[in-house]
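Some structures are shown below for you to check.
Shared chain: chain A. Partners: chain B in the first complex, chain C in the second.
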Partner chain A sequence: MHRIQAIARRDFLSYYKSPIGYVILAIFVLVNGFLFSSNLLSYRYADVGGQLMAISSILFLIIIPLMTMRTFSEERRNGTETLLLTSPASVAEVVIGKYLGTLYMFLTMTASSLIFLVITVLFDGNVDIKILGSYIGFIFLGAAYLAIGVFASSVTENQVIAAVITFSIIFGLMLADGIASIAGSMMSTFLGNVNLFGLTDLQLDKIGQAITDGLRWPNPTTRLANLESGIFELSPLLFFLSLAALFLFLTGRIIEKRRWSQK
Partner chain B sequence: MKKEIGKDMEMETPEAVQAEKAEKAEKAVKAAKAPKADKAPKPAKEKAPRRIVDRRNRTLKTISVFSVLILVAILLIVNIGFDAFLAESTKWDWSSGSIYSLGDVSKEILKDMDAEIRIVGLLDREVAKQSLGDILLLLDEYAAFSAGKVTLEYIDPDRTPGIIAELDPENLLKLQGGQFVVRNDALDKTKVVTQNELYKYESDTSNPFSQPYPVGISAEQAFTGAVKYVTATRTPVVYFSTGQQEESYEENFTVLADLMKYNNLDVKSLDLVTAAEVPDDATLVVMLSPQLDVSPAAAKRLSDYLKGGGRLLVVAGYSNTRFPELNRVLLDYNIEIGGSRVREGNVNSQLGGDAYYYAATVPVSAVSTQAYRAIVRNTRSIIDLKNTKEWIQASTILTTTEEGVAETDGDPEKSSEPGTQVIGMAVENSGFVDGSTVTEPARVLALGSVDLVSDMMLLGLGDISQYNQYFVYTSLNWLAEIGEDSLFIPYKPFPSYYVTQGDATSYWAAAVFVFLLVPAGLLVTAMVVYRRRKNK
Partner chain C sequence: MIEIRNLTKYYGDNCAVNDISFTVNKGEILGFLGPNGAGKTTTMNILTGYLSATSGKVTINGHDILEEPQEAKKTIGYLPENPPLYLDMTALEYLKFVAELKGVPRAERAKQIGEVMRLVRITDMANRLCKNLSKGYRQRVGFAQALLGNPDVLVLDEPTIGLDPKQIIEIRNLIRDLGKRHTIILSSHILPEVQAICERVVIINKGIIAAIDTPENLSRSFSKASRLQVLVQGPAKELTTKLRTIPGVKNAEVVLEKEGGIQQLVLESDPEVDVRKSVFFVLADNRWPILEMRSLDPTLEDIFLQVTGPQTAGRRS
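Then we have the complex of A and B:
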C-alpha cells in the first residue's frame, strides 16, 4: 500500500511542478465561474450542483485528456518507465498508484468548486442535500473517465495521441446515446419492412426500444440523469466503479505485456 | 552474516524472482542474438530460447485475453444483477420535498389495489425523458410500489398508430400523442392524463404578456386520481348547475373540478331549468356563483333531490342578486344566503389593506378537525336561522374575526356593529321521512365567497393556496363522503435556488472574484512555474 501511495503522491505533486496542474484548475474555475456569474448577475440564481452536472460533459472532454495524457506516456518518453517497471512495485501497484495520482488531482479540482458553495451560502441561497448527490455523481463519472484516460496513456508514448484517444472515447460515449436511439429506431423500421415474423407495430416498437436500451446500458453518460434530479442511487456508482476497474485492468495488462516485451 | 541472510530473503520475494527471471530471459535472448552478430552458425542453440520466449508471449497473450473476458463477464453479471434486484432498494430521493417520490396516500392505494393497471405514455420514451424527465421518475414509482400490478409503457403513436385504436376503439377519448392513458382492462375503464395536469403552473399577474411557468409537480394527484378512477366499480357524478348564469367549472375553477375528478367523481353540467329532475347518479349538485335565483320549478327539483338524501354546495360571493326561492329550499336546513356584504375590520387579517380581501377563520367543525385560515374575497353573509331542530345539525365553517362587519345591501353606510360574521355553514338534516323510514340524511354547504374556490386562490397564492385547497378538499369530503381512501395530495413545489441576500454590487464583486481573479491567479502561477522550469 505504501508503494501505491508513494507513486500516487509523486504523480499528484508532479502536476504542480509543471504548469499543467494550474492550467487545469484555471480552466475548471473559469468555466464554472462563467456559468455561476452569469446566473447570479442575470437571475440572482445559484444552483451549484446543477451547474456542476451541466458543465460536466464539456469539462470532461477537455480536462480528463489533459489530466491523464502524461500518466504513462511521459514515463516512456523520458525513459523512466523501465525504472518504474523494474522497481519492487508490482504492475497493479504502479497502475493503481498512477491512477490515484490523477484522481487526487481531479478531487482537488472538484474541491475548488466549493468556493461557489461558500458564495451561495453568503447570499443566503439554497444549499440542499441534492448538491451532495451532484458532487458524488460528478466525482464517480470523473473517476471512470480518468481510468479511460490512464488506459489511453498506456498505449502510446505520445501525449497528444493519448489525449486524442481519451477525447475520442469520451466523445464517442456522448454520441453513442443518440446513436442508440437511431439504431433502435432503424432496427424496428427494418424489421417492419422485412416483416418475416408477422410482428405487430407494438412488438416492433418494443424490439427497437430493447435495442436502444441495450446499447444505452453500457454508456456512462446516460446514468447521471437521476443524480442530477436529486435521486441518489448506488447502481450508477457501481457501474462507474466497474468501468474504472475494467480500464485499469486493461492498463495493467498492457503494462504487463510491455514489462515482458522483448523490444 | 545477517545481512547476507536478509539479502537472500529479499531475493525470495515474488518481485525479485520475477526480476531474476526477466534477467535470465534477457540473457537468453541476448545469447540467442549473439551468434547472429558473430555470424557463427549455432542453429540448435539459438532457436531454443526464441521458442521459449514466443511460447511465453503466447501464453501471456492468452492469459490476458481470457482474464479480460472473465473480468468483463464478472462486471456484467454484478451490474446487471444489481440493477435487477437491488437498484430500487438502493435509491433515495434527495430532492427538496421528495418531489420524485410517491406519498403515503398513493402508496397505500397501490398496495391495496387488486386490479392490473396499464399506464401508457403516448410518446417516445426518449422524447418523454427530455421533456418530462422528472415525471418519469415519479411514474417509475407507480410500477415499483404496485408489486407488478401497474405496468408502464411508452408507445409513440406515430410509429405505432395501432395503439390509439387499441386503447380507445370507439375514439371516444380522442387520444392524442403526448398524453398518458391509465387503463383497467378488466373494468374497461380508461382515464386520460394530459401533460398540463403534470405540473402546477403560475403566471406573473403583474405582466399581462407573461406565459404560465411550472412551479411544481402535480403529477401524483393526476395519476393516483386516474388509478382510483379506473379501479372504482362505481363513479359518482357531481353536477354543476347551469341556467342561473353560474360560473363555468371549465374556466376559472379547473382546480376545484380536478380535485373532484382525482377523487373518482365524474363532473358534468346540469341545466336546472330544463332538467326534469336531478339525475339519480348525482352525488352532489354544485351551484357556482349563480347570478340569478332559481325558478320555483327548479327549487322544487332541488328540494326533492335533497329530501332523497342529496348533497348541495352553494357558492355565492357578494352581488346584488337575492335568492328568495333558493332560500326557501334552504329553510329546511336553517340557513339562508344573506344579502349583506362582509368586510374584515382586523387589519392584520386583511391582504394588501383591502377589507374585502382577507384571511378568514376556519374553526374546528363537522367539516374540519383543525382550525386554520383560508383566503377569501368579496364575501357574502350566510345566515344561521337559529330555528333549532333536533334533526338539523348546523356547523359554522368559515367566519371573519371578531372585528368583521356586515354591510346591508353592500352599503358601507348600513354597517352592522363589529362582530364575528359567518360566511360559511355546513348543515346536515336527517329529519326527512320517507314512509316509515328516515331517508339518507341530506347535506348542504353554503359558502359566501366564490374566490375561495377559484383557480386564482387554489393555485396562485403560492404556499398559502394549500390552505384553500385543504378547505375545499375537507368540504368536498364532508359533502360527497369520498371516504377513507380520499385523496388529498398537494402539489410539490420545485426547490428554489434564487439567492435572497446581497445587492448588485456584491454580485458583481463575487462574479469578478470567481470569473477573473481566481483563474487569472492560477494562470499567473502556471506561468511562473513554467519560467522556473525553463530556467533550470
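Then we have the complex of A and C:
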C-alpha cells in the first residue's frame, strides 16, 4: 500500500513541476468561470451542476488527454520505468499508483469549481441535490476516462500519440451515441429493402432499436442523465468503475506483455 | 546467491541470450564483459526482473525472479545503463521516493539517504534538480538509488560510464568496498577496470558465454608462450641471431626499427623459463644497451579480442 501511495504522490506532485498542471487548472477554471458568469448574465441564475455536465461532455476531450498522456509514456522514454518495474512494487501496484496520481490531479481540479458553489450559496442562489448528483457523475465519469488515458499512455512512448489515442477513444464513445439512432434506423431500412430474411416491419424496428441501444450502451455520458437530475442509482456508478477497472487491467497486461517481447 | 540456469531470450526471431548459465557466490564481484550487443544488458534486465526470459531460470537468494518477484527484487539494487532519474525532482526528493518505493522504514529513511549520499559524494548536490546535474552526478545519484534499502545484490550496468578519471577511481574503490558486504555483478567494456575490481569474469559474445574464470586464470590459460618486448640499440640481424641462441627462447623478431639504430624486438619463450636475466647478460656482453624491457602477458583485452573477435584479432599485441 505504501508503494502505491509513494507512486501516486510522486505523479501528483510532478504535475506542478512543469506548466502542465497549471495549464489544466487554468483551462478548467476559465471555462467554468465563463459558463458561470454567462449563465448569470443571460439567465440570472447559477447552475453549478449544469456547468460541470457541459464541461464533461466537451472539455474532457482536451483535459483528460492532457492529464494522462505522460503517465507511462514519459516513464518509458526516460527509462524510469526500469526503476518501477525492478523495485519490489508489483505491476498492479505501479498501475494503480500511477492511476491514483492522475485521479488526485483530477480531484484537485474538480475541487477548484467549489468556488462557484460558495459564491452561489453566499448570494442565496439555487443549491439542491442535483448539484451533488452532478458532482458524483462528473467525478465517476472522469475516473473512467482517466483509466482510458492511462491505458493509451502505456501503449506508446510518445506523449502526443498517447493524447491522440485517448482523444479518439473518448470522441468515438461520444460519436457512437450521436449516430446511434441514425445507424439504427438506417440498418432497419436497409434490411427492409433487401428483405433477405422475410422480416416483418415489427422485427425490423426491433433490430434497428437494438442497434441504437447497442451503440448507446458503452457511452458513459448517456448514463449521467439520471444523476444529473438528482436520481441516485448504483448501476451507472458500477458501470464507470468497471470501465476504469477494465482499462487499468488492460494497462497491466500491456506492461506485462512488453516484458516478454520487448524491442 | 545468484543462480542463472539455461537462460535464453529471444526478441522476435533474434536470439539475444542463448542458453547461458553461471552462478555468483555471496560476496563476490563478478565482471560481465562483452562487445556491444553481446547480451549483457539483456541478461541484467532479466535477472533484475525488468524483462522476462524466453526460457531458463534465475534465482536470487533462493527466490525465483518470476515466481517470487517481490522477495527477489527486495534483495537487488539495480543501476541500469541510463540512471533512471526523474528529471523534475531534486536528488534528495528522488532518493526519498526510491526509499519509499523500496519499503525502507520511515524511521530509517533520512539516515539511510544521508549515508548513501555521503558514500557516492552527492551531499552538496542534494537540492539540485536531476535535470541540472552533469552526467557524472546523474550516474552517482543512480548509484545511490541502487544502494538504498541495503540490498544484498548489486547489479551495475556500466557503472563508471560518463565519469571523469578521478571519479572513476572513486567509484571503483567504492565498488571494491561494497564488495565486502554485497554480491556485485557489474558489466563494463573497460577491461582494465574489470581486471582491477573483479574476482571473476564472464565474457559473453553473441549471447553465448565465451569464457568464465578469474582474470589471472584467464591470462594463464590463454598464454601459449610468454612474450617479451625489448628496446635495444644495436644491429638488427646480429641481435636476433644472438638472442635466438639463449636457451628457452623460441623466437626473436624485430618488429620495428627506430631512429639511431634502436630496434624494437619481441621474444617468444617457454612460459616456464624466465629468460629476462639471460637476455640482459647477452645484450650487455655485446654492449648493446637495453632501453626498455617489458613482458607482454596477454591482458584481458587480448583474451577478450581472442574469444570475441575473428581469429586474427587475437594476435594483436
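We adopt the following convention: the second predicted complex is superposed on the first by the 255 of 263 C-alpha atoms of A that agree within 3 Å, B and C clash if a C-alpha of one lies under 4 Å from a C-alpha of the other, contacts with A are read in each partner's own complex, and residues count from 1 in each chain.
One rule holds for everything that comes next: contacts are C-beta pairs under 8 Å (C-beta built on N, C-alpha and C of every residue); 3 or more make two chains touch, one makes a residue touch a chain.
Model, not experiment: these values are computed from the prediction.
When both complexes are overlaid on chain A, the residue A:R3 reaches chain C alone and has no touch with chain B. Residue contacts after overlaying the shared chain place A:S14 against chain C, while chain B stays out of touching range.
Of the two partners, chain B and chain C, it is B that touches more residues of chain A.
Of the two partner chains, chain C is the only one touched by A:L84; chain B is not. In the superposition on chain A, A:G133 contacts chain B only, with no contact to chain C. By the touch criterion defined above, A:W260 reaches both chain B and chain C. In the superposition on chain A, contact of A:F197 is made with neither chain B nor chain C. Overlap of the chain B and chain C contact sets on chain A: residues 17-18, 86, 88-90, 259-260, 262.
Residues 16-23, 25-27, 29-30, 32-34, 36-37, 40-41, 43-47, 50, 86, 88-90, 115-116, 119-120, 122-126, 128-130, 132-133, 181, 185, 188, 200-202, 204-205, 208-209, 212, 225-226, 229-235, 238-239, 242, 245-246, 249-250, 253, 256-257, 259-260, 262 of chain A are the ones that touch chain B when the two sit in their complex. Partner chain A is touched in their complex by these residues of chain B: 13-16, 19, 22, 25, 29, 53, 56-57, 60-61, 64, 67-68, 71-72, 75, 78-79, 82-83, 86-87, 90-96, 99-100, 125-126, 129, 133-134, 137, 154-156, 159-163, 166, 495-502, 504, 506-508, 510-511, 514-516, 518-519, 522-523, 525-527, 529-530, 533.
Taken together, the chain C residues at the contact with chain A in this complex read 11-12, 45, 48-52, 69-70, 73-74, 76, 78, 80, 82-89, 97-98, 100-103, 145.
Partner chain C is touched in their complex by these residues of chain A: 2-3, 5-7, 10, 14, 17-18, 78-90, 259-263.
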